[in-house]
Amino acid sequence: MSEEIKKEIMLPKGEELVLSSSPHIHVTENIQSIMLKVVLAMLPALAAAIWFFGIPALLVIFWCVLFCLVLEIIWCRIAGKPASVVKDGSALVTGLLLAMNLPPVTAWWVCLLGALLAIWLGKQVFGGLGQNPFNPAAVARVGLLIALPRQLTYWIPSSGMTADAANYSEVFYAAADFTKIEQAGQVIDGITCATPLSIAQNTPKILDSGVAAADNFAAIANPESYWQYFIGNMGGSLGETSTLAILIGGIILLSFKLIRWQIPLFYLGTVAVFTGLIHLIWPGVTPPPLFHLLTGGLMLAAFFMATDMVTSPITGRGAAIFGIGLGVMTCVIRIWGGFPEGVSFSILLMNALVPLIERMAKLKPFGFRKPTPAKGA
Amino acid sequence: MNEQAINKDLKIVSFKGGVHPQKDGKILSKKASIQTAPLLERYQVIVSQNIGAPPKVVVSAGDEVKKGQLLAEAAGFVSVPLHSPTSGKVEGLVDIPGPMGVMTQAISILADGKDEWTELPASIDWRNSDADTLKKRIMECGIVGMGGAAFPSHVKLSPPPDKKVDYMIINGAECEPYLTADHRVMLEEPEKVLEGAAILGRAAGVKNVVVAVEINKVDAINAMMEKAAQFNVGIVGMKVQYPQGAEKQLIYAVTRRKVPTGALPADVGCIVQNAGTAAAVAEAVNAGIPLIERVTTITGEPVVNPGNWRLRLGTPISEALKLCGGVKCEPGKLILGGPMMGFAQRSTGVSVMKNTSGILLLDKSDVTQYESSPCIRCGRCLEACPMNLQPSALSQLAEAGQYENALKYNVMDCIECGACAFACPAHRPLVQHIRRLKAEIRNRTKKEIKK
Amino acid sequence: MTQESLLNVLELTVGAMLVYNFVLSRFLGICPFLGVSRRLDTALGMSAAVVFVMTISSAITATIYNLGLKKTFLINGTEVNLLFLKVLIFIAVIAALVQIVEVLLQKFSPPLYKALGIYLPLITTNCAVLGAAMLNSVNDRGIWESTVFSFFSALGFGLALVLFSSLRERLDLSAVPRPFQGMAIALITAGILAMAFVGFSGLC
Amino acid sequence: MTSTIILSVLALSILGIILGLAIGLISKLFGVATDPKVDLVLELLPGANCGGCGKAGCADFARALVSGEASPGQCPVSSQEVMAQIAQVLGMALEAPDKKIAVVLCGGDIQQTKVKTLYNGVNDCISAMLVAGGPKSCAYGCLGMASCARACPFNAIEIINGLAVVHNELCVGCGVCVKTCPRNLIKLVPAEAKVHIYCSSPEKAALKMKVCNVPCIACRKCVKSGEEGQFTINGFRVEVNYDNYPGEDIVSKAGCPKNCLLTAAQHLEIERNEEAGEVVA
């Protein structure tokens, strides 16, 4: 081969040429940048949580992220994977999501348990990022809810709610310590509060229609309360209260194409239609749809939890089915179930259905035609 | 950058899916006009240059050949002859590295420096001749699809009689990043391309002849639009989106017809030919010149002077690179073709073939390493796939070795355009996985047929 | 329909299928649940077989229970009650039924027979089938009630099995760490699935 | 008390009779006769479903055995005793086949093959072959990406030093690897043949030496020092004639200049040492 090199002209020597399959160029986007964008989208909701619940919320976020990162590194060490895997940012996202799913006042050990459930049981036993069929944060949330129901339903009022602001700041802002808050909670009356959904759950249902039925939920479902729910001034999990902040995050996610738009649309739409119908038939059984949309973890789930790319169907049609299924399950659990909130359960249940949904909602290739018996056209 | 404005009458079309590489590298060579390479001392013409049966060599060591003389004759219908790039002496058959990495047979010709033409066939008055004469000439001049596949052109022009063809599309999309060869040909020789298009139309008995060009080649579009009427050829603009020039996508963009799975363009009444091919056809019919040289883009960041060169078949890549002043630094990759579908080479000993549309060197910093992190099911590949497949699922099936299941995901429809792997944030080797699946499935069907 | 009977119907259907799912809530019938869930099509076949066997066997056992075992006979002045033979009789009936199903399957659907393999005879010892019969008698359900309950319980079993097998087909594509491959990851997945089913509690 | 006993016995007897009759009737009406031998044979078979016999898994093979389409010797995995047992079940005489094992006929590990191209892609021989024929400079050498090792149902192939090596004690000769290797380097040979020529390249000696330190250059030293017919010359390389294979002493007698004629044990040891050396370096 004519390998002789002319004096001034340099030619490739060939020994450093890389062989690889086409294509030879790629996008600059990578998993890390995707995860960081997701974190960016979470920031408004996290900021709202700290605004409404103060230092305890910040602590919960800190613990969850710390434990998730540490546990991820430990697992990688044991499993012989490079610990640099943690750089992909998925553990950070899981940690933040987990924090958003916990009450604003949560003891560190609950955070640790949650991180264990999320990172190890929810993700790493299945092989790590991309392999887990269930949403790690939902696994942790459901596992904790079943195992530690009291800790997971220990709601404190948001800073805008309390009548006695001095008391409030003294207890919650100064003492960022669960045991102290617990003790304080026993002393100061009314320090814990109920979430709107648990109030709705505990309100006796009125099956027949009438004035009483229509007014059954008036205390928690009125224009003034809707506004409070919208900005996030209510009891609830750390990251789920502020619909406004979550919507901002959702817009970020959608604009970066990090979630499939079908999931939030069909999820929220189904919940609205379903609760609307039930409310129309039996107004005394459940509050109006707007109440359901604004309270609980629905918004958080619709934009951040259910849309997790790994555990939701990959095709658009599949995502729509997934969203509808989520909506129905959430409503059924909320209205008739034993738990006030059903989003985490419905996410796990629908996660289990994803392989079946994907079977149903396979893409049809361009120019697809049904295979016909061999015959010259 | 005072680009020419797009003509308002231009119809702009596109297809669904695809990707748009931000850094398309065309800027390196799109202003460089076509230069003709000086005569070399030696050419190594690879024998098997077309899809189908490789031609049968008719010369032997020691023979004197003239430029354009037959070196190998067509061996069957799906095969074309091969001609000598210059006059000189046949040194014999040698093994040189082929484009696919395996050694391949080539005819080595020592140039005598005279560069004398052999006696060429007479010009054909194509406006008054019948289709078969044209097709015969196209075949005799060894013309194949010069865009990449190297499929014999006369075969495409002869669809089965029961299929009514009413569209001839000349593919000037050149959607591959970095490549500008077709662009320059269309800009500098618009008449040749248009006349070739008209000839191809006549050879296929088709009235509707259009040249489809991506609208990032405004100057070429305008140059052709001026002359298009005189050849009764239409010009269509296409959105800049990869793979706009893939056959099925091109047909859909221009005609809105979908080529069904496993069918040929002729099934929907279309024939697609490359713009470079059209120019070669014009030369073959008007002057009887066989396909012995082609315009190739030599480009990439490491190349000192990227440009578009008219190279003879059998020019070794190393010689071609010398024309461009060599390289600035050691490149990370040598690719024949474009960056999306081209083949990585291990040495510069490969020689230019009929379908070598580009010689691309990539800088080491541009060589993307496959860290191949796991799929996070983001769905980017589904959006990118012009064939509406699910590359992520296919790649996982390939990894798990579930080859039969891949058929349920229509793996055989893949056109290997590389859009999915380009878009994958996990940098998974999706195309390689899919090629593996296809190879396995082909093997299995072969075995079944044997049984 | 009165509210009470509505609730009763709900309990027999939704309750049997989801809330008190045989596999994921009562943890009965784990053997076929883990054994036949490798592939979706065999899971579907097994589900069909279980639905068939469970419904028929419950109908028969409930008939025997309601017409025979429950009754107290007066023989020679002593009251005789055969309730203590319940388990024995139920098992015998179920075993015989499975035999019959096996023969019929082999005749009419050999591929399914082959796919179910060892698990078909195992239905005999599938505690879910006996469990359904026992639950019916413990709750003193009538023949129709028992049949409906068993049918929906079997549907719930099938649902869990199908869900689980589709998940396992997906797990086959994942890079599960070596120590967790196979049964370990299957059990973990089943556990998480059971956790998800807790969400249905309190529905009725 | 007695009446309870009597009634229980009566009830169970009646139930038993009814159920027995029902089963009997139905199997009479719908029963399909199957040969119980199939199950017996299936139990004896190894159950690896390797396909080495040419049938689709052990169950299929068992059916073929019982129906007489196959003979027990076709199962490459079963030991002699097992085959004898199967033959006994089937009531036939057993023809004893030679036990075969696989051998990878390439010695070009990562130290011995000179020029290497950087390869960036799926770590699998078959996939790598699709990219410019794979990274190895020798177009006929082992790619060392473990396609065969992954395919082996008995974990008998190990990649040592970038080269696939068969562990003779684990190999049962099912031949799955032979079909897997994209470069067709793996051969099934008699288990008693201990000496192999670890090169499969048909290229000319000069070309081989350019890319590899241990090619067979067809110097015929082995042919000369061996007995007539123990080796065959195939183009530019020599092959061991496995119908008439030489003994282990041929290695020292021939003194292969390229260290390409080796016993399997020597080959394994060389690769092990080289790998250990690499770790130190």
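The letters A, B, C and D name the chains in turn, as written, and every chain counts its residues from 1.
The rule is simple: a residue touches a chain if its C-beta (ideal position, glycine included) is under 8 Å from a C-beta of that chain, and two chains touch if they have at least 3 such contacts.
Remember, it's a predicted structure, so these values are computed and weren't measured experimentally.
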{"item": "For chain A and chain C, chains touching each", "value": "B, D"}
{"item": "Selected pair, greater C-beta contact count between C-D and B-C", "value": "C-D"}
{"item": "Between chain C and chain B, distance of the C-alpha-averaged centres to the nearest whole Å", "value": "62"}
{"item": "Intercentroid distance (Cα basis), chain D paired with chain B, Å", "value": "43"}
{"item": "Centre-to-centre distance between chain D and chain A (centres being mean Cα positions), rounded to whole Å", "value": "50"}
{"item": "Multi-chain contact sites of chain A, meaning residues that touch two or more partners", "value": "16-21, 127-128, 130-131"}
{"item": "Two or more partner chains touched - positions in chain B", "value": "101, 343-346, 367, 370, 374, 429, 432, 435"}
{"item": "Residues within chain D bordering two or more other chains", "value": "117, 120-122, 130-132"}
{"item": "Category of the chain touch graph - line, ring, star, complete, other", "value": "complete"}
{"item": "Complex contact set, residues of chain A against chain B", "value": "1-3, 6, 8-14, 16-27, 29-31, 33-34, 88, 90, 127-131, 258, 260, 309-310, 312, 314-315, 358, 362-369, 376-377"}
{"item": "Residues on chain B engaged by chain D in the complex (per definition of touch)", "value": "100-103, 343-346, 367, 369-370, 372, 398, 401, 429, 432-433, 435-436, 439-440"}
{"item": "Complex contact set, residues of chain D against chain C", "value": "1, 3-4, 7-8, 11-12, 15-16, 19-20, 22-23, 26-27, 30-32, 34"}
{"item": "Chain D to chain A touching residues, read off their complex", "value": "115, 117-122, 130-132, 135"}
{"item": "Chain B-facing residues of chain C, complex", "value": "172-173, 175"}
